[in-house]
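Before we start, here is the structure in question, set down as structure tokens.
Which chain is which? They are A, B and C, in the order written, and residues in each are numbered from 1.
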Amino acid sequence: MTSTTEVVRAARPAVRGERTVARDNRRLKWVMLAPALAFVGLMIVFPLLYTLNLAFTDAFGAVNAAHSYVGPRNFLDALGDTRRFWPAVGRTALFTAGAVVLETVFGLALAMLMRRAFRGLRLLRTLLVIPLLTTPLAIGILWLLILDPTNGIANHLLTSMGLPRQEFLGSVSQSLPTLMLIDVWQWTPMMTLLLLAGLATLPGEPEEAARVDGAGAWQRFRYVVLPMLGPTLGIAVVLRSVDALKTFDLLYATKGPGGGSDFEVETLNIYAYGLTFDYQEYGLASAVLVLFTVAIVCVVILLRRRPEGRSA
Amino acid sequence: MPADPRPGPPPLTRRSFGRLAAGVAGGAALAGCAPGRGAPSRDTPLRVMGVNHVWSQAISKYVPEFEELIGRRVSMSLLTADQLSNSYNVKLNASGTDIDVMMMRALQEQLLFAHNGWLADLTGRVTGDAAFRWADFLQAARERSTTGGKVLSVPIVTERAALYYRKDLVAKPPATLDDLMETSLRLTDRGANFFGFVGRGQRNGSVSQWSSFLYAFGGDFTIDGRSGIGRPEAVTAYEYYGRLLREAGPPGATNMTLEQAMPIFAQGKAAFYVDADAIYTNFLDPKVSTVQDTVAFAPVPAGPRGARPYNIPSWSLAVSRFSLLQDEAWEFLRWAAGPEMVARIQADGIPGARTSAWSAPATLASFPPDLAAAMRRSSEIGVGHDRPEVLQVGRARDIVGRPLVAGILGGSVPAVARDADAEFADFLVRDNRYREA
Amino acid sequence: MRLSWLRAVVIVVVSLVFALPIVWMFAAAFKTNVQVTDPSVGLFFTPTLENFGNVLADGEILAALRNSLLVGVVSTVLSAVIAVPAAWAVGRFGMHRTGSLVLVARIVPAVSLLVPWYYLFAQAGLVGSYAVLILSHMFVSVPLILWIMIGFFEGLPVELEEAGRTDGLTAFGAFLRIALPLAAPGTATASVLAFVASWNNFMFALIFSDEETQTAPVTLFNFISYASTDWGGLMAAASLMTVPVVIAAIFGQRYLVAGLTAGATKG
């Protein structure tokens, strides 16, 4: 063993200088990375272990009070709970799926619309950026005003067109769909911008060839552009889904703790928050959070799996 | 001497892991921003955390006198009730020493905080100080301040349910719940945006105001330690209150807590309003009220079991167990809840918890006469709680409030009440488990 | 011809859909409370500054905006200081697996971090100070800046740094003197986005701030329960929070879009 190394070293004396550089670089890259890695690692590894640990205890009331291990009881409690846990799972899935599907469709349409330059493109891009950067709190407040059951402009418009008045966020049945549409309003621009960036990187030739072959606009979109846009679309859907699953600010700001009087917008995130900070059930809350995190990871893996990955 | 800050130390490994990790975090970033620790100096203020309430505003006027008395600055921070709870949870979970005096709700938080070991034992102090006259406090209020045989808080504000009504619309306040229903329905004119009745309808917030109706129909939240909300009396009370808000109340009632319901009455859009008597000053303030000349006060009407309004100590003062200024904090309680200050504050129109203040004609004269009469009547016949007496009050209210919301929305109350009853029964088992742990 | 007319109409409608709600909020901030609750008062009315006067006179909003500014600036600067060199290392030395740690930070629900963090911060004696808020906001900003800057450094031609090396610069020198100045526009974009994320952050501030360190979103949240009595004030407060974002969007639209979409087109 030792002799082989000696031989290799002896055989390549010229590389020594480069090696020092390589070793320098190796040290440097870790030095440059260390603070960021240490920071993110510390801020996330400890909480994950802590939460996982707490999920198997009966921690309640105060985290600095004594607690004992109870095995998987919290997980069983959560999974057996059809009053709060499962409806919250359902609402989370419904909200995310509904919002992301609509955002993808509208975002794609808008991106195709904005693909070729026109006068006012800059202005429209600016208008699209504003909702993205505005705090969800302000978004919630402005829609509360617009959708106010008695004094809102939305109902004013509806009634002036002869349509019936709606309660929107004041109603138990309309709250979740309304919030879904607000989410669509705020986040469709994100989809559009991501897809526009993707469209900009596509080569022009395949589309041109299709045009020469006599393909119509829809056919070119369906059979040429869409497949090429696939990877970007995939990333955009994953990014949006992860954020939509975890929506908190908008829901909490407009409907308060517990997601309204009938829990009508209580998603998993809102439920976990309530268990932690309103009920102080740290053990159960941790179990719900572990399940929630696992679910998000599963969704990401599922969405990232390409159709051809199945055959491979 | 500071007491051991952690009531029950968690297993050593976890703790040392946390210390280690925290040490790295603290060392790596911003260690310089950490507040100084150690024994408080003369300059350290006495920190009082309270809710934004008329009592807090009244006492802060007198605080300079107290600062003079003890030669130490007092820093008072006033938050909304939700923010206050949040603050306690964060700071006391971290064994924070930056809270000395805590304003809290004995019926909402005391059992939990006591369970967590966050409250200093005041038994020796209240009974050992003859001038404080602990026996002068209303008996029911003293009982709520005592957990497991220890006095952990001192009551400062008391509340009873009251019926607010418009004397320009109703000649005589309704004496029975049937009267109230009938008159409310008659006065409702939705087209003109006028409502016979307004009250809280939000699942959690409405429970305390609904309690007086529950008692009037002969029910209670728990009966012999078991859920009482599935019983026929409770179902009738749910249906009654639900119908009142559904048919005579404003739209969107299920979103209403105190902050939303009160302005509707104050702006002259409702004939009746049931809420705590301690908030009456809102209706007499011309800045927010258009009814200051037409509002009148009455006890809550009687049901089949008579009139049974709640009568509770709503806010109390406690001393944080982690406070480094235990003696000074107690001095604050002694001063703020002492016989003299309670008399002064009650003369400002804020109902306190001392018999001496209640029996003094001068302090009684500060309330409108019909309100004073209603208050006196309610404290004689009242029930000493307005929410389930459990460890996890927030969760219990969320369960108990469900049939109420169903009633307001026009759903099937008996079905929801049956389901909530089962859930409440499970909850009580769980709550007991925590309590015994 | 017909198609381009259709396209123009659709573009105008889309612009209105995204612009009008925000315009409506700003307009409401300048209305009296009677006008706010009267939907027949549209966008043309005599504006009043009364709402802003009331909101600012209270002092609470101003203090909250000041706190938001402080926490935003400090957390962004500190994040950039640690994230930009890290991004360079990832981009230059192809350490993408290490870089993907970033994604983990994005997946984990923030609620699950709150309790462990406050335990951690309490042990370090940091509770109730700005440090807690700054550290929590950095947790969002560091991955964000890292993510955007990796792409940026990868886009810089490596030859420039190599030329510097042959002129006698160390690897670190090449980063400091050559890569960093070239990456200034990217750093600016990433920092603005990180600042906006901090400015908008609600959940961390809801739990970790107290009355002295409270940031603007929390103050806004506390206002919401009084909406039915003071819509105008609420809209004025929300507008004050939104103005900086609108200004950033108007002047930095191109760069911000580049930052927002960074990393999404690399399959």
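Here are some notes:
In the analysis below, a residue touches a chain if its C-beta (ideal position, glycine included) is under 8 Å from a C-beta of that chain, and two chains touch if they have at least 3 such contacts.
Since the model is a prediction, treat every value here as computed from it, not as a measurement.
Common partners of chain B and chain C, by the touch rule above, are A. For the pairs A-B and A-C, the larger set of C-beta contacts lies at A-C. Chain centres here are Cα averages; for chain A and chain B they lie 39 Å apart. Chain A and chain C have centres, each the mean of its CA atoms, that are 16 Å apart. Residues of chain A found to touch two or more other chains are 35, 39, 43, 46, 50, 63-64, 150, 277. In chain C, the residues touching two or more other chains are 115, 118-120, 122, 135, 138, 207. Listed for chain B are residues 18, 21, 25, 29, 86, 93-95, each touching two or more other chains. Residues of chain B touching chain A in their complex: 5-10, 14, 18, 21, 24-25, 28-29, 82, 86, 89, 92-95, 112, 115-118, 193, 201-204, 251-252, 254-255, 391-392, 394-395, 398, 401-402, 405, 409, 419, 423, 433-434, 437. The touching residues of chain C, counted against chain B in their complex, run 78, 115, 118-131, 134-135, 138, 206-208, 210-212, 218, 222, 225-226, 228-229.
Interface of chain A with chain C (complex): residues 21, 24-25, 28-30, 32-33, 35-37, 39-41, 43-44, 46-48, 50-51, 54, 63-64, 110, 113-114, 118, 120, 122-138, 140-146, 148, 150-153, 155-156, 185, 189-190, 193-194, 196-198, 200-201, 231-232, 235-236, 239, 242, 246, 248-249, 252-253, 269, 272-273, 276-277, 282, 285-286, 289-290, 292-293, 296-297, 300.
Residues of chain A that touch chain B in their complex: 35, 38-39, 42-43, 46, 50, 53, 58, 60-68, 83, 149-150, 167, 170, 172, 256-258, 260-262, 277-281.
Chain B contributes residues 18-19, 21-23, 25-26, 29-31, 33-35, 37, 77-80, 83, 86-87, 90-91, 93-96, 98, 257, 259-260, 263, 288 to its touches with chain C in the complex.
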